[in-house]
Structures are given as C-alpha cells and as structure tokens.
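Once you've had a glance at the structure underneath, I'll fire off some questions.
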Amino acid sequence: MENLIGLLVAAPLLGAAVLLCGGKRLDRAGHWLGTALAAASFVIGVVLFADMLGRDGEERALHSHVFSWIPVEGFQADVAFQLDQLSMTFVLLISGVGTLIHLYSVGYMEHDARRRRFFGYLNLFLAAMLLLVLADNYLLLYAGWEGVGLASYLLIGFWQHKPSAATAAKKAFIVNRVGDMGLSIAIMLMFTTFGTFAFEPVLAGAGETSEGMLTAIGLMLLLAACGKSAQVPLQSWLGDAMEGPTPVSALIHAATMVTAGVYLITRSGAVFNGAPDAQLVVTIVGAVTLIFGAIVGCAKDDIKKALAGSTMSQIGYMVLAAGLGPIGYVFAIMHLVTHGFFKAGLFLGAGSVMHGMNDEVDMRKYGGLRKYMPVTFVTFGLGYLAIIGFPGLSGFWSKDKIIEAAFAKGGTEGWILGGVALLGAAITAYYMTRVMLMTFFGEPRWKRDASGAVAGASPQRPDVEPVAENAADADTAHPATGAAAEPHPHESPKSMTIPMIVLAFGSVFAGGLFSLNSSFVHWLEPVTGHDHGHSPLSAAAVTSATVVVLLTGVALAWAQYGRRPVPVLAPRGSLLTRAARRDLLQDDFNHVALVKPGEYLTRGLVYVDAKAVDGAVNGTAAAFGGLSGRMRKVQNGFVRSYAVSMFGGTAVLIAATLLMRAV
Amino acid sequence: MSGLSLTHTLAQQAYSTSTGEAVQFWILGSVAVIGALCTILMRRAVHSALCLAGTMIILAVFYLANGAYFLGVVQIVVYTGAIMMLFLFVVMLVGVTAADSLKETLKGQRWLAALCGLGFGVLLIAGIGNASLSTFTGLGEANAGGNVEGLAGLIFTKYVFAFEITGALLITAAVGAMVLTHRERTERMPSQREQAEARVRSGKQLPPLPAPGVYARHNAVDIPGLLPDGTPSELTVNKTLRARGQIRDVSGEALADLAALEQRAEERLERDQDTEDRAAHDRDTEEAAK
Amino acid sequence: MSPVNYLYLASLLFTIGAAGVLIRRNSIVVFMCVELMLNACNLAFVAFSRMHGNLDGQIMAFFTMVVAAAEVVVGLAIIVMLFRSRHSASVDDASLMKL
Amino acid sequence: MSFPLLTVTAALPAVGAIATAAVPAAGRVAAKWLALAVSLATLVLAGVVFARFDPGGDRYQLTESHAWIADFGVRYELGVDGIGAALIGLTALLIPFIVLAGWRDADVPDAEAGDTRGRRWRPTQGFFALILMVEAMVIISFAATDVFLFYIFFEAMLIPMYFLIGGFGDRAHASSEDEAAKQRSYAAVKFLLYNLAGGLIMLAAVVGLYAATADQLGEGTFSLARIAEARASGELELATNTERLLFLGFFLAFAVKAPLWPLHTWLPNAMGESTAPVAVLITAVVDKVGTFAMLRFCLGLFPEASSWATPVILVLAVISVIYGALLAIAQRDIKRLIAYASISHFGFIVMGIFAMTSQGQSGATLYMVNHGISTAALLLVAGFLISRRGSRLIADYGGVQKVAPVLAGTFLVGGLATLSLPGLAPFVSEFLVLVGTFSRYPVIGIVATLGIVLAALYVLVLYQRTMTGPLKAGLEKMPDLRLRELAVAGPLIALLLFLGFYPKPLTDVVNPAVEHTLSDVEKTDPKPDVPVTAHDAEAAK
C-alpha cells in the first residue's frame, strides 16, 4: 500500500513530462492522456482511502520512504511521503476536483492551439499539489509548494502573448515567492531548533522549545500561508490571476493552490498551539481578509473577479478557523472541502457562461441567461446557495461551524471574531446574490447594446486560433471574438456540463454528509486534535443568527439588483465602491510602497556601480596615468636641465655628507 | 744653530705664506674670478675663450706659487697653448661672429642653475671651512730634489700604470677625433651638369654672382657693386662680411661724384659759350673798321 | 695668509664653471666651462699637495690635464660633427631624447 | 607509481588544443570536430576520475608527486579530494557544450578566412584551441595540491581567457563593428588587469608562505600535505599577523576571480562583450577556481585567519547576493543581467564556504557545480537567442515564445534553475547554503533569503520582456532551436532535473572532503537547541 502513495504524485507528474516533452504528435490525444492520468491518481486515492478506512483511527497514517534526497551531515532531507487522514482528505479533493476540471477543460480549451501544453501544466499543477500535501517533511512540502507556484505561473500566464496575462503570472509568482521566503526561514528555524524538519519530530518536539521560537516559526509559516492562500497583505495576486483560462481559476481557487496555506497551518497545528500570539495573528489575518475579500467581491462587475473576491473571503474563513486552534482545525478543513466543491462549481459555471457569451465577463452585459443555459443555471444556483450557507447545503454546515468556533474562542476576541464572521456571512450572501441576479435574472442586457459592443469588450480568450494559423498575427486579430458580432448564448457541451453537475451534487450534500454524527470531526481528530471549546452562545443561537444575516444580505441584494434593472454601464458609485473596484487600492499601495522605491533603488545602484565602485578603480588608474604624464615632462631631453638635476643632486649629496659629519 | 733656524723658517713657511704671495693671490685671484665670470657671460665664444685663457694663465702662476713648477709650465704650454688654441680653432670653424643671445629658453633653468650654484658653492666653502686644515706642511722636502724629478719619480714608479693608460687614452682620443671628424664621401660627387640642373630646379641665381667693386674704382671685396640706379647690391659681397656688417657702402659717394662731375661739365660748357660771343663781337668790329 | 684660500678660490671657480655649464647654450662655451671646472680641481689638487707636503696631488692634476686634453679633442670633434649635421652649436638643438 | 590519471586528463585537452591550432585554414570544420572529440574524450577521462574516486578513502586520491624546482621546494603534486573531483567533472562536462554552442561563433566569411594580409589567419582554430587550453589549465588547478603549481596555472589561465574575450565577440551588437571591438578590448583589458592585480598580491603571499615555511621547517615547501602535516605536528606555527596577511593575500586574488563585491565590476563587461560560450567559460568554469581555491587554500592553509576574517567576508558575500540581484533587475542587456545574477550567486557560494558548517560548505560545493550547469543552460540559450537577432538588448525582443516555443521553454527552465526552483539542481545547493549560514549566523541567513525573491524578479522580468507579450516586429521569421542547439540545451536541462531530484551521487563525494576542511579549521556544526530524536517523536505520539 505504501508504494501506491508515490504513484499518486507520479501519475500526473508523468503526464506532465510526457505532454510537455512529447511534441506535436501528442496534440490529438494529449488532453485525454492528461485527464486519464489525473483520474488515475484519483482512483489510487480512493483505493488508499478504502484501505485507510480499514484501519482504526490511530494506525491510519501511512509512511513511505522513497529515497534520500539531500543527505548532508546532520541535514537529512528525504523524499518520503506521509498519508494520514488530513493528507487523504486533500488527496481526494485535489485529484477528484482536479479530474473534473481536466474533463471540463477538454471542452473549454478545444479551440486552443496549445491545448496539449495546457493539460501538461494542469497535470504538473496536480502533481505539485499532491506532493505538497503528501510530503512528510517541510522541505519536500516546500518543493511541492514552489511547484504549485510554478504551475500557477505557467497557467495564469498561459496566454502569454497578452501582456496583462504575463504580468499577472509574474505577479502571482513573485508575491508567492515572498511567502516562500517565510516558509524557508521557518524551515531554517526548525532545523536550527530541532535539528530536523520532518513533521513528526518537529511537531512532537514543539512542546520542548521556547514559546518565542514557536511564535517565530508560526509567524513565518503564516507569511508563507498568506502568500499561497492570498491572505492580506499578500492577497494582491489573486484578482489578477483571473487572466488565466477559467478552468485554471477554478483549479487554483477551489481545489489546489489557495488551500495550501490552510493545509500548512493545520498541519503545523502543534507549533501554533504552542504560540498563542501567532494564533492571534492568524485569526486577525483571517478576519481581515474575510471582510476584505467580501467587500471587493461586492464591487466587481467582472464575474470571475467577483468570484475571486469571494474565494479570498472564504479562505479568510478557513484561516480564521485554523487560527482558532484545535477548536477550528477540523472545520477549517471541512469548509475547505465543501468550498472546494461549490467554488469549483461556481467557477466552472462562470466559465460555461463566458463560453456561451463568447468570453464576455462583464456581468452588466449578462442577464436572463437562465432560459438559455439551464444546466449552468441550476448547477451555478446550487453552488450559490451552498456558498451563502443556505441551510442544509454544504456551505451552511461548514461555515456555521466556523462561526460557532469563532465565538467559542471566548473572551473579547471570541466576540469580535464571531461578529466579523457573521458580518462576512451577510456580505457573502449579498454579493453572491448580486452575481446570481445580474447573470441569470432580469431581462437580457447583451441584446440591447449594438453588435460589436460585446465583441469589442475585453476578450478573455483572444488566443483561440486554428492550429495551422501563422502565430505572428494572432494578437492583431482575435478570431474568437473578432468573428462573433453578437453573442448567442447556448448551453455548453457535455464535457463541460457533466463536471458541473457532479460538483453541484458535492456542493449540495458534502456538508451534510460530513456533519452526519460529525463523522468528519472524528475522521480528522487523530491528526489535528479537536476540542469543542465553550461557546458563549448556543449552537442554535449562532445558526439562527447566521440565517438571519444571510437573509438580510440576500434581501439587500434583491432590493438593489433584483427589483430595478441593472444599468449596463457601471454607475460611479460611492468612494468605497470605487476603492473596492480597484481591489481596495492594494495595487496602488504596493506600487507606491514597493515598486517605485524598488525601481529608484535599482537605478541608483546601477549608477553607484558604474560611478562609485567601478569609478574608484578607474579613478586610481587615471591618477597614475596623470602622474606619469607629469613626470614625463621632466624628461625634456635638454642636456642642461639634466645637468641641473645632476648638479642639484651633487649639492644634496654634499649637504648630506656634511650633515652626517656634523651629527 | 743654523739647523734650528732652518727648521724655524720651514715652520714659518709651513703655517703661513709670505706677504708677497698673499698680495699676488689677492690681485690675481680676483682677476681669475673676473675672467671666469667673463667666460660664462660673454656673448661671443671668442671672447669667452680669451677670458678663459687668461684665467688659465693666472692659474698657472698660482701653480708656480704653490711649488708645482712643472705643472705651472705644462698649464701654460698644454692648456693655454694647445687646448685653448684648439678651442679657438673650433670657434672659427663654427663661426666667430655667431653671438648667441644670453636669453634663457628653458623655463626656470636660470633660477635653478643660480640656486644650485649658490647652494653648491656655499656648501663647498662651508665644507672647506669646517675641515681642519689649519696646519699644513709645505713642499719643502718633497721638492728638495727638484719638482720635476719628484714628479717623474712618482709617475714612473707609483703611477706608472695610470701613466701608460693615459697614454693609451690619448692615442685613442686622437684616433677617435679623426674618425669623428673625417667625412667619408659615400656618394659620387655631383657633376657640373647636375649641379646646374639642381640650381635651375631650386630657382637660385644661375649666372655667377656679380663681382664687388664699382667701375674699377674700387676693388675691395667689402664694397658692394652698384646696380644701374646706383644702389648697392647685397649679392656682390661675401655673406660672412655681410653677417659681420663689415660692408663699406660706397653708393652714396659714387652718386656724389656723379653730381660733382655734371656740375663741373656745366661750368665748362658755359665758359665756352661767352668766349664765342666775344670772338663774334671782335669779328664785327674788325669788319666795321674796314 | 693661509693656503686654504686657494681652496676657496678653487671652489669658487668650480661653481662659476658649473653655473656656466648650466646657463650657456653654445656647446663650445659649455665645454670651456667644463675646462674651467677641471682647472679649479687642479688648483685644489695642487694646493692640497702643498698642504700635505707630497706630490701625489700634483700627479693627480697632471693626469687631469692629460685626460682633459683627450676629452677636449674628442669633445670638440663631436661638436664639429654636431655643427655639420645641424648647423648649430646650441646644446638645446641636440634634444632628440625628448619624448 | 600508478597510472598518472590526473596528468593525462589535464594533458589531453592541452594536446588537443595544440592539434586544433595546427589545423590549416581550410580545415575549419575539421578543427571543430577535433575540438569536440577532444573535449568528449576529456569528459570520459574525468568520468573515470570521478568513478575511481573513493569517498571513503584518503583525503587526496589519485595523487602524483614529482620534484620540480627542487631549489624552491616546488613539487609537481596532483591529487583530488571530493570537491576537486566534482569540479573537474563539471569542467569536463561543460566544455563539450561550450564547444558545441560556439560552433559558429568564431567563423568568418570565407572571403576573410584563410590567407589575409599575407598571414594565415585562422580564427576558428584559435577559438577552439584557446577553449581547450583553458580547460587544461582549469583541470590542473583543480587537481594541484602544490600551492606554487596552482598559482602558475591560476595565473596562466588569464592569457587564453584574455584572447577569448578580446578576440571574439558576437557580431554587430553595438552601433558599429569597431565600436564593438573597442568595448571588447576594454572588457578584456579590464578582466586582465583585475585578475593580474589579484594574482600579484597572491604571488606576494605565496612567496611569504615559502619564507615562513623555510624559516620554520628548515626547507621551504609549497606542498599542502607537507604543510598540513607540519601544522599538525606543531612544527609550523605561523604568527597571527603573518597568517592573517598571507590569508588576505590569497583571499583577495580569489575574491577578484570569484568575484566578490566590490571587486566584481570586471565580470559584467567581460561576460557582456564576449560570446555566450566564452561567457559561460568565464562564469561557470574559470570563476569556480576562485571559490574552489578559497575552500582548499584559504581554509586549508590559514584556519585561524579564516575564522578571523569570516564576519567581514560574510557581510561582503551577503552584500554581493543582494547587490548583484538588484543590479540584475535594472539591466537592459541580457548578458549583463545574467552576469549580475552570477555575482549574486557567487555571493551565496562564498557565504556557504565561510559559514563554516558542513551544510554550508557542501552546499557551496554543490552550488559551484549547479550554478555552472544552470548558468550554462540559461546563458547558452540566451546566446542562441542573441545570435538570431544580433542584439543583446532586452528591449529588442518580445513575444518570442510564439515563434520559438522550444527556445522559450528551455530559456524558462534555465531561468527557473537560476531562481533555484525546487526540483532543479540549484535549489538543493542554495537551500543548503542558506541553512548552513542561518544555523550559525541567523541574521545574515535571513537577509540572504531576500535574494530568492529578487532572483524571481529578475528572471521573470527577463522572461516576460523577451518571451511573452505581443511579438516584436522583425522577429516573425525567427527560427526555433536547431538540432545542434537542442543537443546543447537538452542534456543540460536533463542534468539540472536529475541533480535536482537526486543529488546524492554528488553529496556522497563531497561530504567527506567538507568534513576534512571543517576539521582543518577546527569547526563543528552548531548543535540544535532541542535535538529531537525519532525516539521521543514516537513517545510524543
């Protein structure tokens, strides 16, 4: 059984290798190969899952040592896997949802000349993510961590010829790098403290070291988590990441990348438990991001950006929960899984909508689509209900638990966090309803504006071009949008709808399933530990509060977007709205605080290098040259001046002799 | 007794010199210095040479006074006689009149020279001054057997090798001088025709230069011939004379002579005139008488 | 009067000669100045020989004269050559060593 | 006396160089093939060296020792420890790629080639001969265990390098050809002067070492073994100041070669002006001699002085790391950008060496190898790119990936290796260096970690500007990698991946050598505060 664990990672990795190195001859079948390998890793996962269920709680963890990676005196890094319940949860989520997204992409990308490479990247993404969650030491996790960063870079920038895409990809990678720096420092701290960085000894030894050290490690880990999970202050890349093809967004947001941070924190629970200050910071970050993302989500008209905002805030929920310690870990993961389902569903739905509206993303140009794409409508709707936490659906169970846990933290913090969580729930309900209404209800707004308005509108996929076509003129003409004068909404092909349906099921039932005599809690308890805390409010009270706020949110949204028609051109909006449209000025801040100074610094250094460092050397050289030039003048070739010097020299000699005799 | 007086006189001679010598030293010494100064300050090499010769003669006298009789003579014969003549010879060869300006061309050279010279002199004199030279033994017994013999004794015994070597040196020098000054004609001498062509090419004066002197009234080489208008022509005089400015320009007097000549011719013609009148008048009166 | 004065005179002449070497441009005159310096030395030698009461000093002077003679011969020959080659006796014109 | 394997390994390229140079002007292609064959044969020999080296064995193996200049105790002593073996392997490995990549760089139009100005003018032959000559000298310096022997080749290396830099540049990058030539000769002279200056200082130190040994051991010696033995037996006790001065003498020379801030300014010129293969030769092969020598000679000969100087050197190293990265970001010229990146990486290497921990030094050694390979990959591909457009300016490129996806892909992999992405070789070494430094000097370790973010910046900015975005006019016809170029890029990338996932073969060889070095300087790794054994991990469960 242990040996299978390696295969989990190996399968998609193999796929990536084959697809990327395979060359054009794989163009025809490549995507199916990729999907198959993703599915294969899912199947293996299921097998292992079954096997794991066979054993009881404590003995479920599997270990497999593959080979010794970096053996240096005292520093032993192995490629070794550890499959416990936590990892298993992720494996299933990643490979499952991942496979669905592969399937979906088959349809979504079929017009794309570089579809083979796209699937290669997708496989790479899965492989890296699986490596991340299966590693049994932090260094290997780091490898997966960066691998995810790379894959996201490749996928976000998949349409490289679009400067915006390339920039977004670079941004994502670099912001993540900042997080990675945190992770590597954390690993170094572990190494110097414990002499190792394998999970088990570190987490076991966490109790024995000082709280200060634990806090340091915890904060560094948090920095890493912020990078990957797009938490404030490293959230800025997430929005731009929408430049990637929609399946990528779905993959990044639902199943893989952004969840890594939550995984890291939960995995390192022992460290955080020992460092309350670190935990507090985690919860604060979570809470802030929660609101931040929600507000951004309210303002965006781009459907994907709106969903991105929601992702941000949902991850905020998870981080918040993870920060609560043993009370929250389980629910963080649980919300992560349910969120995996419905967010994937939502994104795929959004993608399907765009697919139908030939890549229009502006919701203000949607409207009344429910008649044209029923399947999308239903699945998207279910996802919507799930995410706002409509009682009975997945989101409800997980989010409700988190809010409870937040209150259960106790003390003022408890109240504040709980309040924030509730507020977040309300806002979530608001903006998701807004998305829903603007997209599927109301009268169609895409007919109203003259043809070409849609065509001209910011195209998402200008790259869709016949394989044969000469690449050079691809960015001058965009066949996909250029051709279509007018949108003709239609339902997407099977390969796209099926995954959506599956995910919809997930988003409806998963939560309930998990909460059934709290099976999920028991499932994870051996790994993360769990305690119920003592909530100042009864569960019922919290639940009802949640329901109330979400209804208010929905009502507000309905009042604004349901009753009166939605203007096609966005109104100027309040200051907050405008700020939120610009992601609450995060980029402007970064630009002013980091980019500009950085540019000046580098330019200045170039000058210094040329003038000061190099100049010092050249200056010395010049000085010598000048000096010798002067000396040269003395050798004027006139006998008499030589004679003078001789004569003077004699005089000096005599003077010297006299002095000597005088002394 | 007498021996004692002898030693006494020797000591006397040893510690100081006779007053006569002192007088001679002070007079000739100052002259020598002046000569030296003139040597370096005269603008014409000839004058320098003459001054130097003078200084050397004075030095010869000093040698004699110092009991170096042989050297004194040699000084006069060899130095003043031979070497200085050699100098003069070369000066003539180079051109006696080439008076070089004493204007300094090298920047600061003169000041440096003055400074060095001054410092050097001062140091030297200071050195001699604080050297303990108060006591000295005269050449009394050294020259006892005669100065020349003494020298000869030394030269042919103690310094014989140096002597031989100097001999060799002299020979070498003589040969060297010849080699240096001897000019080997490496190329064929240009024929007359070639010279003529060269002259034409260089646009020089083709016919021989006009002879000096005027109408055979003068035959001195230092008198320029006159052009038809009576002005003197530089070409006719040797350029050395020209350089020396030793040209006697006689054009002026030639013209004066001409004027005087015409003057006299004038007078002569007038006188002939009135004699004829008188003659005519006489003839008339004779005819009237008849 | 003490014969030391001869030494003073000698050094004076020597200095004058040296100054002449430095100041004059005409190579012949320069050469004369060198001679002057040599003679100054000779005077000093003679005076010394008188002071020490032996003739070695005079021998030195003698040799000096011989060497000076040789030197003059060669030197003047060189001057003549120079004059032939560049129609000038100025030492400053012979400054080919200038960079 | 066993078979002189090392001598032969070094001699082969030297002979090959002469043979190549002797090829007549007509046989240009023959010369190329000859050079390639020789370099491959050398690679085989180096492989044998690597295989024959027994990690468990003595410190120096395959030793050869002959009296050379008896009067000055100079001996012809060769021998490799793990570090030397690894680096000889690297050198022999890279040269064939360099030759292959420079296949056309030295060609001149047939009109010029052959008999010009009455002389037989054969730039191609010269180019490859010089490269082989450099290889020979580098191998000797990696194998020399006699200080004087090392010094000679350390310096002699400059001569062929000078001609390679000054004589061969990529055509028409500057406004005019002679403008380019002027910059080239400037770069070459700068390179020569910097390294000569360092070398002369070292010479003084070498003489000083001789004097010291002669003074204390009776007869002067340059032999590492002899000196180490004397030091161990207490015969040789250098006075503190003497040792420090000698150390500085050696270190300066190596710091110029390495190059370490602020002695680095020759590198960007040299790498910028020379052709890509020569640039690789500079940064990936020749400069390694500097860092290698720090490890073998500075630490080996002057332990106390080394630990005395450590703080300053570490600060300089970390400055190099950050400074190089920042300047790389600001460059407009692809090659100069890579050059500054290399400066940053050399900072890491020096940092690892002087952290005096086994992780640091093993990391540094791996870093030398990995940086060699990764830079070679990046720079050679960049060279292919430049040769297509004839310009080194980043601004002249854009959207290349549309027309030349494979080129773009290989370029990206090379870049990712440069920013040390896990799974590619440089990550292993860089992380080892960081950990090794951090465990003794946390602050420096953390500051250096900034380097990985900056690295991401300059690599990705470079890639974005050249490869992505709309296609720049004039690039439409740009061809993708040719077979020869693939043969260069492919194996290098494969190697990067292999060493990234399985560096064990290297570490096994390197670790013992590092242990020896550490024992020289009498340093041991700092112990963790709370050592956790697997046992109490079990207990905790």
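Chains here go by letter, A, B, C and D, matching the order in which they are written, and residues are numbered from 1 within each.
What we mean here is this: a residue touches a chain if its C-beta (ideal position, glycine included) is under 8 Å from a C-beta of that chain, and two chains touch if they have at least 3 such contacts.
Everything numeric in this text was worked out from a predicted model, so none of it was measured.
Taking the mean of all protein Cα atoms as the centre, the chain whose own Cα mean lies nearest is D.
Chain centres here are Cα means. That of chain C falls 68 Å from that of chain D.
One finds 109 Å separating the Cα centroids of chain A and chain B. If each chain is reduced to the centroid of its CA atoms, chain A and chain C end up 98 Å from each other.
Annotation: 37 Å between the Cα-based centres of chain A and chain D.
For chain A, residues that reach two or more other chains under the stated contact definition are 636, 638, 640, 644, 647.
Residue positions of chain D with contacts to 2 or more other chains are absent.
Taken residue by residue, chain C touches two or more other chains at 18, 22-23, 25, 92, whereas all remaining positions touch fewer. Pairwise chain contacts present here: A-B, A-C, A-D, B-C [touch as defined]. Of all residues in chain C, only 1-9, 11-20, 22-26, 28-29, 31-33, 35-36, 39, 42-43, 46-47, 49-56, 58-59, 61-63, 65-74, 76-81, 83-84, 89-90, 92 touch chain B in the complex they form. Contacts from chain A toward chain D in the complex involve residues 20, 67-75, 79, 139, 142-143, 145-147, 150, 153, 157, 160-163, 165-167, 170, 173-174, 177-178, 180-181, 184-185, 187-189, 191-196, 200-205, 207-209, 213, 471-472, 474-475, 598, 601-603, 605-606, 609, 613-614, 616-617, 621. Residues 632, 635-640, 643-644, 647 of chain A touch chain C in their complex. On the side of chain A, the complex with chain B involves touching residues 636, 638, 640-641, 644, 647-648, 650-651, 654-655, 657-658.
Residues 193-194, 261-262, 264-265, 323, 326-327, 329-331, 358-359, 362-363, 399, 401-403, 409, 416, 421-423, 427-428, 431-432, 434-436, 438-439, 442, 445-446, 449-450, 452-453, 456-457, 460-461, 464, 467-471, 476, 501-504, 507-508, 511, 514-515, 525-534, 536-537, 539-541 of chain D are the ones touching chain A in the complex.
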